[in-house]
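Below, each structure is written out as structure tokens.
In the two complexes below, chain A is the common chain; its partner is chain B in one and chain C in the other.
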Partner chain A sequence: MKKIALSVIAATAVALPIFIGENPYLIGIMISVLMMAALSSAWNILGGYAGQYSFGHAAYFGAGAYTTLILLTLYNSLNPLVCMAMGIVVASIIALITGSIVFRLRGHYFGLASIAVAEIVRLSVLNLEFTGGAQGILLSDVSLWGIDLNSKNPFYYGMLLVLVVTLSISQYLRTSKTGYYLQAIREDQDAAASLGINLAFYKNKALLISAALTSILGSLYGLYIRFIDTSAVLDLRLSIEIILTAIIGGVGTMWGPVVGALLLVPLAEMLRSNLLGDLLVKAGLVSETSGIGVFLKENLAHAHVLVYGIITVLCILYLPKGILGLFRRVK
Partner chain B sequence: MSFLQPLLSGILTGGVYALAGMGMSLVFGVMNISNFAHGDLMMLGMYMAFFAFTLLHIDPYVSLVLIIPTAFLFGFMLEKLFINRVIHHPHQNQILLTIGLGLIMSNTALLAFTSDPKILTTTYSSSAFNLPGGISLSVPLLISFLITGVTIAILYLFLAKSRTGMALRATSQNREAAQLMGINVAKMSAIAFGIGTALAATAGALIAPTYYIHPLAGHSFLLKAFTICVLGGLGSVVGAGVGGIIIGVVEAMSSTYWSTDWKDVIVFVLFLAVLLFRPQGLFGKKGGE
Partner chain C sequence: MIQHLLLISHVSKHFGGNVAVSDVSFAVEEKQIFGLIGPNGAGKTTLFNCITGFFPTTSGDVIFDNKKINTLRPDEVCKLGMARTWQRVKPLGSLTVLENVMVGAFSITNTTREAEIIAREQLQMVGLTDYTTKSAGSLSIGLKKKLELARVLATRPKMLLLDEICGGLNHTETDIILNIIRNIRIKGATIVFIEHDMKAVTSICDRIVVLNSGEKLAEGTPEEITNNSDVISAYLGGGHHA
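Now for the complex of A and B:
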């Protein structure tokens, strides 16, 4: 039963661009969904399985995006995959520095230090010359093995591939030695240490896997959008969106991040493009010319972060185990 | 330029940072919660001072008489409505809840007050007090520093002498033991969060005349407040006071001798250095990390 469901999901995911191929807007949203699902799954390896909440994953995403685009603007003939690999190296260095400082400590420190590291990266990129500073980086043209990278489909499949890899690692972690060690660390660090688990080593391992995957997604995003600046790829807001996606779906579950992304990304898109406001008007709930109607029309598009805040609060208070946690309770 | 100039202006700004850091440290000590909405509470203090000035024509420093009780009540309510429901949850849920509350505050401010930065200009905004040796100290910063000093003295007396203050300290030292001694720890949490909020709003109001007032201004202050708390030792109110002054001086020194753009980076590097070499902070007890 489970295998059939999986095959259906996989077949739908692979075939989707054929059905909606004519509609670049929908493909764009699907790429965002896949990217957020993969980002959140990658975060989940560290946050969900090892219980180490990183509030600075934007640093790894930005490392991938910036390394790739900087290298490509300098050496236009370079293979994008090589740039992606360099992105992983940079992200791993940042991860190792963070991990070696913080994983000796307990409690609140990892969360705080992950923000500090991410802010150091963001501010450095903003203040340095070769990173484009506040103006960001614009990539003019890029090619890989003759594939047309101007169309969206290659990125759809690229994101899908990374998501599948990330989910496979999650699945492997559920039943492997490393995975059990990480879960033991999450449940009780002292007990795990007394059983001979090298806490710092396994936490660093989870962080490195998570950072590398996040960096690959950053590279893909950079190649896809071809314009990056610090507010798009290095902002604290991105780190929080990644966590929120996992929380809403269910932290520490394999499919939670996917469920979270399927819900949150279309919702954010609806708010951004003001579909929700239009819908309320069309449904006759508010008149377009009334005070409320005008206010919604002007402001709802900017309100998606506010909605994120409200969802976070409600989720922590009423649904701390996420949507998948809810189903588990019913069982 | 004289070495004393950045040192003195650093100490003056650091005093206000100290106030913000102490609020966060008190909340951390009593409730064991990292309050990620602290910066946004500071931002609300800035707007309160701004509107008291523009709408009611009250001097920003005088408006503290209104701001402090309002902010205390606001914090008290926040604790009763939201924070106390996660007090026994894992740290990460508490952090996420306060992040969510912070997002609600900053983005509501964004909708209500727009993203245009506001400037609070008083008659003495740009006046300076000249000391011998070519050193000049900004008058608004000097007044803020004096008010900070008075506030810290009152806070110290309150924590050291009053019954509520002693109960707060007892709760901070050992929550279970305090409860067994008949202290109402739930009430202490709400009071601590109220005081923390009041201190954040006071700090916000005090810097309002010298900063751009902006809905997202809280962001950078939040990280500064954390650095201060960790530097002073998480939960140590005295440590946060000293930590605030240190951060103020480090910032002023790096702006003067290096560049304004990099001053925040230096503060965060200092934060990591503290975690690396003295994770318990300057005044924290060893083993607390």
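Now for the complex of A and C:
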């Protein structure tokens, strides 16, 4: 049963661009969904399994995007995959420096330090010359093995592949020694240490896996969008969206982040493009000239983070285990 | 020659100006059941924390299996074969009973399959086989104590430190736990245990150390301890002259 469901989902995901191939807007949204699902899954390995909440995953995303684009503007003939690997190296160095210092401490220090590190990275990139500063980096044409990377479909499949890899790693971790150790750390650090678990080592391991995957997604995003600046790939807002996606979908579950992304990304898109307001007005539910109508059409577009916030509050109050928690009976 | 598995040598632990453990020394022999008793605040749990690496000692040494362990981390101490339980039980609440014990078993194996086999053996030993798929957080206190025991046993320890493993249990439950402890000793492990229940301690221990206000008050066989006038006055209150 589970296998059939998985096959159907996989087949749909693979065939989707064929059906909506004519519509680059829809493909763009699907790429965003896949990317946010993968980002949130990668975050979930550290935040959901090990219980170490990172509020600075944008740093690893940005490390991937910036490393890749800087290298490609300097050496045009470089293979993008090599650039991606270099991005992983940079992200891993940032992760190791953060983790080796902060994971000696317990409590909320890691959360606080992760924000600090992400801000240090953002401000450095903003003020350094070789990173393009506030102007960002623009990449001209890029190709891989003769595949034209100016179209969207290769990136749809790229993001899908990284999502599958991330979910596979999540699934493997869940049933392996490392996964059990991470969950033990999340539940009770004293108990975990007394059972022979080296807390700092396993937290660092989770952080490294999570940061490397996040960096790959950053590289892919950079190649896809071909223009990046700090507000696009290093912003605190991105870090928060990654966390909210996991929380709303179901922290610590394998499919929670995917469900969260499927719900939140299209919702954010509807708000941004005023689709929601338009729909409600067209359906005759609210009058266009009323206060609510004006608010929906004029202001809601700027407020998708507000809507995230409201959904999160409702989730924490009524669905503390996320949407997936609804379907999971307490044992 | 008698083999000392654990040697506590002039161990002190200060928290600022507060002396929790003061110059305590004793030795535990292999396969002994060793009792550590004393009134509330005597420093028993603090001493356990010093032995298992959770607190650094202020002075003095802890020697386990001929190795100095008071500078090691808790996980390193566990890997050497010393496991502990907690006075306030620490179940991994959202994991199942079986998974809790598997976490312990992973300290001696790397494969999930073997960990599960070891875990099931230990659950059988403490009598929790009916609860394997229950979440650990949902168990009653008596069952949680059994779970603690199964979990540390899964690390296959040479020495077990039990911190009030019978605390909060009724007589029947206490007897069951004491029987499990006797079985563990038969299998070759050495046990140090903190307990308030004097009847439990004297019925099972080979040797007992009494702590009072951080200092060692007395050491001896259960018989010697129950007849020691210092111990009696410490338990019944300092002003009482028996």
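FYI, the second predicted complex is superposed on the first by the 323 of 331 C-alpha atoms of A that agree within 3 Å, B and C clash if a C-alpha of one lies under 4 Å from a C-alpha of the other, contacts with A are read in each partner's own complex, and residues count from 1 in each chain.
We adopt the following convention: a contact is a pair of C-beta atoms (placed from the backbone, for glycine too) under 8 Å apart; a residue touches a chain by one contact, two chains touch by 3 or more.
Quick caveat: nothing in here was measured; it's all calculated off a predicted structure.
Asks: Consider chain A as the common anchor and indicate whether chain B and chain C clash or fit when overlaid.
Replies: Fit: chain B and chain C sit side by side once superposed on chain A.
Asks: Thinking of the overlay built on chain A, is A:Ile316 touched by chain B (first), by chain C (second), by both, or by neither?
Replies: first
Asks: Considering only the touch criterion stated at the top, classify A:Leu105 as touching first (chain B), second (chain C), both, or neither.
Replies: A:Leu105 sits against chain B, while chain C stays out of touch.
Asks: Between the C-alpha centres of chain B and chain C, what angle is found at the C-alpha centre of chain A, to the nearest 10 degrees?
Replies: 70
Asks: Identify which of chain B and chain C touches the larger number of residues of chain A.
Replies: Answer, by number of touched residues of chain A: B.
Asks: With both complexes superposed on chain A, which partner does A:Gln183 reach: first (chain B), second (chain C), both or neither?
Replies: A:Gln183 contacts chain C only, not chain B.
Asks: Please provide the least distance in Å between a C-alpha atom of chain B and a C-alpha atom of chain C in the combined superposition.
Replies: In this superposition, no C-alpha atom of chain B lies closer than 9 Å to one of chain C.
Asks: Which parts of chain A are touched by chain B and by chain C alike?
Replies: none
Asks: Can you check the complex and tell me which residues of chain A touch chain C?
Replies: Going through chain A, the ones touching chain C are 175-177, 180-181, 183-184, 187-188, 190-199, 330-331.
Asks: Quick one: in the complex, what on chain C touches chain A?
Replies: On the chain C side, the touching residues are 52-54, 73-76, 78-79, 83-84, 86, 90-96, 99, 102-104, 106-107, 110-112, 115, 133-135, 138, 151-152, 155.
Asks: How about chain A: which of its residues touch chain B in the complex?
Replies: So the residues of chain A in touch with chain B come to 47, 53, 55, 101-102, 104-109, 111-113, 115-117, 119-120, 123-124, 126-127, 236, 240, 243-244, 247, 299, 302-303, 305-306, 308-313, 316-317, 320.
Asks: Please output the residues of chain B touching chain A within their complex, sorted ascending.
Replies: My answer: residues 34, 82, 85-86, 89, 91-93, 95-97, 99-104, 107-108, 110-111, 219, 223, 226-227, 230, 234, 259, 261-262, 264-265, 268-269, 271-272, 275-276, 279, 289.
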